Amino acid sequence: MMPINAKITKIVDETPSIKTFFLDLTLDNKPGQFVMVWIREVDEIPMSPSYSNAITVQKVGDATSALFKLKKGDSVGIRGPIGNGFTLSGKSILLIAGGVGAAPLAPLVEVAGGKKIKVKTLLGAKTASELLFVKRFRSAGDLQTATDDGSDGHKGPVTELLDELDLRGYDQIYSCGPEKMMSRVLEMVKGANMASKTQFSLQRYIKCGMGICGTCSIDPSGLRVCVDGPVFSGETLIDSEFGRYARDASGRKVRL
Amino acid sequence: MDLRTDVGGLRLKNPTILAAGVLGTSAASLKRVAQHGAGAVTTKSTGVSPREGHPGPVLIKTEHGFLNAMGLPNPSYHEFVRELEAAKGDVPVIASIFGSNAKEFEEVALGLNKASPDAFELNLSCPHAEGYGMTLGTDPQKVKEITEIVKNAVDVPVWVKLPPLMNIVEVGLAAQEGGADAVVAINTIPAMVIDVESGYPVLGNKVGGLSGAAIKPVALRCVYELYAALNIDVIGVGGVSSWKDAIEFIMAGASAVEIGSAIYDNINVFRNISKGIAQFLEKRQRTLDDMRGVAQK
Amino acid sequence: MDLRTDVGGLRLKNPTILAAGVLGTSAASLKRVAQHGAGAVTTKSTGVSPREGHPGPVLIKTEHGFLNAMGLPNPSYHEFVRELEAAKGDVPVIASIFGSNAKEFEEVALGLNKASPDAFELNLSCPHAEGYGMTLGTDPQKVKEITEIVKNAVDVPVWVKLPPLMNIVEVGLAAQEGGADAVVAINTIPAMVIDVESGYPVLGNKVGGLSGAAIKPVALRCVYELYAALNIDVIGVGGVSSWKDAIEFIMAGASAVEIGSAIYDNINVFRNISKGIAQFLEKRQRTLDDMRGVAQK
Amino acid sequence: MMPINAKITKIVDETPSIKTFFLDLTLDNKPGQFVMVWIREVDEIPMSPSYSNAITVQKVGDATSALFKLKKGDSVGIRGPIGNGFTLSGKSILLIAGGVGAAPLAPLVEVAGGKKIKVKTLLGAKTASELLFVKRFRSAGDLQTATDDGSDGHKGPVTELLDELDLRGYDQIYSCGPEKMMSRVLEMVKGANMASKTQFSLQRYIKCGMGICGTCSIDPSGLRVCVDGPVFSGETLIDSEFGRYARDASGRKVRL
């Protein structure tokens, strides 16, 4: 799979730290699959498309900063789609999204909407202005928000909203966001015996995106986030490294 | 069908080995490969200090193979020794190591030796990390010196992985003189791909190493020539993805094959190849030993 | 779109050249290729005395390329000088020559010079004829010496065709020092294929040279490195079969490309590639010169 | 195209110098196409199948002698089919075969028979015992023979039988055999204005059989016998090297 050239056709500021880059390319992915985005002269990084022709990016380091400097008309290289993506099932689903983790979940709720699946979304961010895709989640179903500073919705971690819900009332649960948040979700779904019905989208250092280099393998299963994931059932993640540590570019363990 | 075989001082349950740098960064990953049928597994190459590797893209699937410039990312032997320890148990684990000179090789070997790997593989052939690998592996004198120093430092078998040189026999002989228990041929071939839309070389490091199906005939030639000239075992690597490929290597003289890129299509490649080899041998009522080197006419 | 270009002392109407050893044994065959759009044609390599070449199979299509061990069949320059003479007329004709030492090269060059070829290409890279080609082309001293002697013997441009070495720049520099007007990279990579049914290497000569798509990334790397290090023109060869391939080579720094194996699919490959290059350049409003070496970042 | 292993299942002595080797393989060729036969440790040589699963070989040198030493159960490598083959057309056709040149013509008359095309064959050889596939030609249509020693049919070259025929009475003419013979046929069909309706199967030194090496190119067209042929229209051959010279393995011209 060679990178395909994609021209940026439009850039939308979603939040102070997040932008959406529309491309002249249909990415043809299932929600939750990802593409490798080659920012020339800098790096190639994984991104889960937020629309059929767009990626939504949070600026966190070198490559994302370089991406933020690109303008309409500039281009990037795209390889993908890669990985398994989310599996939609059931009649009523719950989503827990944190920060830019909303990116792959927004297209998921839209597919669910088209299939008349009932959707409830819990969306968290640091502050009101950082809440991503509020309109998209709201128009697809029920939305509850949480912010660290209480500037919108519940004040506190988005996972606290789970305390009030009967998790067993949902056929399937989906989560994407910071690992600390997802790890709390795992604890709760485990408690509710819903781990096998919960799908988590993991973020690990992705180098090859082809299941060859092994950089993204998780303990103790050895499963590869890039091709065996990035979406894993909660059951697979119980007693794994998930929520405890990850590995950096050199392969060194880094506590979360 | 019994596929047990003696390879470079190790006894393997079958002649398929996970190649260095592929799914070899953690104990869990190595064990997963072992569970999928590999007769032995090789770790990612480890050095004296942590390296993040080259910027991406680091690996590209070309029309006929794969091109990589990982840049030897590794957490250093200090960190990796724990993974190595945990990796042991299922099948023999071969520790691939690299350094910029004999002293560094010795340091890494001694460091990892605490975890009792079943063998060491000296990476004298990686083509895309300045000052390492191929830079040393093209020099017979250095190959001999590095092999000797590691051989003296450890008690387990030492394999030497060679670059795909025209005169590979020369460095193979140097490894043999240095006391190697086996040579492994070949590492990737220096190569590149350019994106015509943007005019950029695709790999972050621009130049990388070609692996996969494209290089199989080159690897086979190297194994054939090494087997004819050396007294130690030869292990074939480069483009093996089917039992037919494996048999070709064995007929050229390989004692075993290592498999890297073919993981892309199927992690079950080890089991599938073993099964295919067994069927081939059964049909002919032959053993692996009967087949080894028959193409040497 | 004007694709005229200056390459190693010749002016070509387009940058596609028939590679040595392919459809180059007779004037009629060379002229037929010229009629199919080649900007120049290279003859089969010619030596001092007739050679029948290796027994068959001499050429095999592998999964990802071609493998050949023709063994330099040729009727000697005494005989071939007449074909060369008759081949002239349509497009520049490059005489590929080989020998076992500088004296032989000189003899062949002087012999063929009577037919006034437009340039000479020194085959210092054929991998499957003992004592010729690669045997010399891996030695920078010999490359320089042979280039010098031919350069002194003839008045037309002299190109030097190099083997796909890891250190190709070293021999490229030697050719440049010897006075070469261009280097041509690469010849085939030593390789083999074994028939698992019979256990025989498939080629009559057992070992041959790999060409075609499989070797393109290797050839591209060689061109890229040569262009960065040399002051003379670099001509790319190895796996070119589409305009995209040609553009990759030009972006790596090639002044022109030679095409061999791709003839298998279509003898119109020259015309098709020229057309594709022209369209690519037109779309971007760029010239060949603008594109040359843009991948050198 | 890699050689496929073919086991010899039966060997039939056709004439004192010609044997047919049946293989455990369907060659899947049009009459007139050929295969490359790899006799291991010796050489690879072109042969036009005489049946869908057989080649018929005359012993003339190293490789054919080695082939003659093989036994039932031994194997050879086969690449092919290669080349264009004969094109069948018309309602009434004439064949002129010499020696082992009958090999590709025998399957042609059988296809013609199946299509109810009227067939007349002129078959020549040195002597009666060397006449190849007499039964096959006879059962497909009319057969006239010629031998150098007069031991069967007309005494003299098979081409002399042409003198008595009205060549224009045939829709298409086919010839395979020694080049001297075919070259005489070419003169005659040219005289009868039938050159464009006559198909000749050429024998040239074939090395690669893939249209790459150029060994088999003919003057002055540069056409390759292996892939542009081996069957050429008489019109293409007029004023060519045909009948005058060929090239040996080194590329040297050899007068015929």
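Letters A, B, C and D name the chains as they come in the text, with residue numbers starting at 1 for each one.
Definition applied: contacts are C-beta pairs under 8 Å (C-beta built on N, C-alpha and C of every residue); 3 or more make two chains touch, one makes a residue touch a chain.
Here the structure is a predicted model, which means the values were calculated and not measured.
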Exercise. Suppose chain B is absent; how do the other chains partition by contact?
Worked result: A | C, D
Exercise. Centre to centre, by mean C-alpha position, how many angstrom separate chain A and chain C?
Worked result: 51
For this session: Averaged over CA atoms, how far is the centre of chain B from the centre of chain C? Could you give it in whole Å?
Result: 33
Exercise. How big is the gap, in whole Å, between where the Cα atoms of chain A centre and where those of chain D centre?
Worked result: 69
Exercise. Residue numbers in chain C touching 2 or more other chains?
Worked result: 62, 193, 200, 297
Exercise. Where does chain A touch two or more other chains at once, residue-wise?
Worked result: 41
For this session: Determine the shape of the graph in which chains are vertices and touching pairs are edges (line, ring, star, complete, other).
Result: line
Seminar exercise, completed: Chains touch one another in the pairs A-B, B-C, C-D
Seminar exercise, completed: Within the complex, chain D is touched by chain C residues 21-33, 44, 50-53, 55-62, 66, 68, 70, 73-76, 79-80, 193, 195, 197-198, 200, 202, 204, 260-261, 263-264, 267
Exercise. Hey, which residues of chain D end up touching chain C in the complex?
Worked result: 1-3, 5, 36, 38, 40-45, 75, 77, 79, 207-215, 217-224, 247-253
For this session: Could you please specify the touching residues of chain B with respect to chain C in the complex?
Result: 62-65, 67, 127, 134, 138, 163, 165-167, 189-194, 196, 199-201, 206-207, 210, 213-215, 217-218, 220-221, 224-225, 244, 247-248, 251-252, 280, 291, 294-295, 297
